[in-house]
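The structures considered in this document are given below.
In the two complexes below, chain A is the common chain; its partner is chain B in one and chain C in the other.
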Partner chain A sequence: MMSKKVLVVDDDPDVRSFVITVLDENQYIPLVAKDGVEGFEMIEKDPPDLVILDVLMPRGSGIRLYHKLKTTEKYKQIPIIMFTGIALNSFLKSQKVLDEFKGGEVPEPDIYLEKPADPEELAAAVKKKIG
Partner chain B sequence: MMSTIKILIVDDEEIIVKLLSMSLRSDGYETFSAYSGQQGLEVFKSESPDIVITDIKMPGMDGLELLKKIKEIDPEKEAIIVTGHGDIDSTITALQYGASDFINKPVRDDALAIALERAKTKIALRKKLKDYTTNLEIKIAEATEEIRRRADFQKLLIKSSHDAIIAFNHEWKVVIYNPEAARIFGEAPKDVRNKMTIDELYTPRIANIFKNQFRNEKDKKVLPWKENIIKTKDGRQIPVRYTSDTIFENGQFVGTVNFFQDLTEIKRLEKELVQSERMAAVGQTVSGLAHYVKNILVGLKGGSYVVDVGIQKNDTEKLKAGWETIKKNIKRAGDLTQDLLTYSKQREPEMETCSPNGIVEELTELLKDYAISKGIRLTKELDTGIGEVMADPKTIHNSLLNIINNAIDACIEDENVSKKHEVTIKTYKDEKNMLCFEVIDNGCGMDDDTRKQLFTPLFSSKGGKGTGLGLLVTGKLIEEHRGSIDIETSPGNGSTFRIKLPYERPKALDIN
Partner chain C sequence: MEIKKILFVTKFEKLCYNALTSLLVLRKASLEHFVFLNVIEKDKVAMKRGVGYLKEEAVKLKEIANIRFIDWAENLFEMGMEVGAYIEVSSLVPEILKVVKQESPDLIVIGRSSKGTLEQLYAGSDVSELTRQTDVPILVFKHLTEDNIVPEKLFDRPLFATNWSETNKIAVEYIKGLKNVIGEIHVIHVVKDSALKSLDTHEVQKIRKSERKRLESLCKELEDAGINARAHVYVGDPQKEIEKAAKEYQASMIILGSSDKAAILERWVGSISKNIADNTIFPCLLIRSRKNG
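== the complex of A and B ==
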């Protein structure tokens, strides 16, 4: 079976190196983007099997990228793991604001992991979504 | 109505005395008789008559002698002299001695009546005058008492005032120096009042303020309240609020009154309040702090995991990456602790001779490579006239480092990637003798809400990457350095941060 591609979108190089290592260790192919804008470009070029998404980033936050993906027919099926320091409630509130502002309604994220997470926890979450 | 008038009749001729006495009694007078000058004097002393009628020629003490004695005892008594016909010399002498009237012998009833009427009128007039004088004296006494009472009240006011009140006369000599003034200036009133001049009481700096007010502001007599630090002769430093009033009378300078209010307690309370507000702010936002600490923990955990993997796989790249992460987060924890300590502690600036431009040079050298790696040009425009100053180089260094880093971040955050990003650092001295640093960036700028929250504890616009303490610490350092910080910003166009510090030459000009 071919290894699955996982895109990490995070502006923090430390978080990126951690997540990449976890993915490597669990035989996934890591792809990397430093912010929301770059993340969307990469998804358009080569849609991954899963996205691990940070919330607060300069230039196109995770809030906007999540909303955009979940309201775009082509990408709404891509599973997303939110991996962030922001509390879930704050994230949901921000999505509601975007719902009203941009139209549409997005589902709650399937998996919402708050930093810091253990490598096992992160690996288990990825495994749960894409095996 | 006058009470019964008492008349003393003196004559050596018994028959005349008796006749006159009878006649006068029937007219309603009370009479006393004496038959010689000596006897007349005694009766005068014992009865104190209002009018004395006396013959001049008498054996022993004559009338003139008696008149003299009487006038000596009481010059206000009326004396009518009875003279022999044509005795002009005696009459003149009698008038000189103070006789009020004279009649010729033999005494005629009508002449006597006229003389008595005149004497009575005089007595009445004199009584009126006396009553009037007495009244006036009472009124003057009352007025004097009122003036004294008011002066006492004003003295008491000055004495019990919570303001120090010090007044100088036109020769700059102290004339008023109240207990509060003695407390502030530490000199005993007895050594100051009417003894010291303004130059002896005040240090030259303070004395000149008030003297210049007199010289320069003749039209503006009242100085607006100002704040200053008074250095007393015994070396205490007292923060005060003061004002002064120059007094002119008919265009002539007559003196100056100075008022001082001791602000020591107020300043102490203010300091306490600021300190407790600061502590409260730190306390209230512990959750924000926890968030930042959590981010550090994420970094450390992630880093150690990467190191573990590196060790297992013998992968040097992984080891390096993990170790970098760990080191970076150790530094973040260190910086955070440092910021928290700086923010929560009172610190006096450590003034020393330093070169502001030199510090800017150091900083640009330090940050140049990092800025270039982010595509940002770092430039400086330094005023070489600044030279060396008295300042705390740590304050300047830390504040500028923080603000330049923010400026670089603002350029990185800018969504307009087509812009040529630039951060410029300027130094100059403004017209108010303040040393100014400007950090100008053309990065993302700030909206009003962000701008307003800049100095709110633990507010950060940088997501999890800011402690929310940077500007707060900078603001505090600048404030402790008696400086100010102001900001101009517009979203999308960039920001200018301006720090102003008092410009002090290395050798203090103030000799106090």
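== the complex of A and C ==
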């Protein structure tokens, strides 16, 4: 069976290394983007099987990228694991404001991991979403 | 000209969350995106005799900054704002310029302490260097608690000092973009006392009348754009008179143009806008000519 592609969108090189290691060790193919803008470009070019998404990043935040993906027909089915230091409550409130402002209603993220997480916890979350 | 994106350069102790909240009024002028930048100066963490590169110290300082930014970002995200952050071990001005290139902000906000003279010199030179290197307008925040400026009313009563240069035309366009946040603007022109030497009273009155007319025409232009504006002519040393006018009209900030010519002069004798930005107790918005990039 072909390995599944997981896009990591995070500006912190240490976090990217950590996630890549976890993905490698669990036989997934890691793809990397440094911010929300680059992340969206990569998704447009080659949609991954899963996105692991940070929130506070330069250029484009995970808040906007999440909203964009979940309100775009073509990408709304891509599962997203939020992996961030931003509190879930703030994330949900921000999505609600964007719903009102930009239109659309986005679902809550399936999995919301607050940093830091153990490798096992992250691996289990990825496995839960894409097997 | 709209202010959609602000680059907020902070060292935390000089420019913190209350300064940031005072800028939120700019949402009425299209503000939708904050980019935070914290530069950990290299000398805080780099090579020390016998110790080497203090990576652990850098990691610690970055984490401290990150925690603050997360806290600020949560509040702003909840308001529907877009937020980004950079935390870098570097030198201040080159790092600001790097982020300006990546993010294309419409305004740079930077703090300036009014504490020690030495500190002022360093901070002042950063601001001067920035005005030389970028065309993006710069808002220089002062040490708010010491100067007793009410941050929530930052844009309520600006004082715009014009010298009729090309840069001032750009400043006028920028000010028009703030029409939804400005309560009343005071527009002043200072006639240098050297220009009045050997003139009789009649000639002095004529100069005043002519400057007043130009100012009134500028105020009319601003009022047509929806901004209440009042004209004032002052005579004397521009730096002193602008400060005096700002106090008399209880200005919330001073808006100044900074030309290329001034930037060159500044290396030798110091320009008026630089001197005001360095010495005034008021926050200063410096708008630079876009000529010659």
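What we mean here is this: the second predicted complex is superposed on the first by the 131 of 131 C-alpha atoms of A that agree within 3 Å, B and C clash if a C-alpha of one lies under 4 Å from a C-alpha of the other, contacts with A are read in each partner's own complex, and residues count from 1 in each chain.
One rule holds for everything that comes next: a residue touches a chain if its C-beta (ideal position, glycine included) is under 8 Å from a C-beta of that chain, and two chains touch if they have at least 3 such contacts.
Here the structure is a predicted model, which is why all the values come from computation and not from measurement.
In the superposed model, A:58 makes contact with both chain B and chain C. By the touch criterion defined above, A:15 reaches chain B but does not reach chain C. Of the two partner chains placed by superposition, only chain C is touched by A:98; chain B is not.
Of the two partner chains placed by the overlay, only chain B lies in contact with A:25; chain C stays clear of it.
Of the two partner chains, chain B and chain C are each touched by A:85.
Within chain A, the residues touching chain B in one complex and chain C in the other are 56-59, 85. Interface of chain B with chain A (complex): residues 291, 294-295, 297-299, 301-303, 305-306, 309, 318, 321-322, 325, 328-329, 412-413, 415, 463-465.
Of all the residues in chain A, the ones that touch chain B in their complex are 11-15, 17-19, 21-22, 24-25, 56-59, 85, 115-116, 118-119.
Those residues of chain A lying in contact with chain C across their complex are 35, 55-61, 63-64, 85-87, 90-91, 93-94, 97-98, 100-101.
The touching residues of chain C, when paired with chain A in their complex, are 35, 66-67, 69-70, 73-75, 77-80, 82-86, 99, 102-103.
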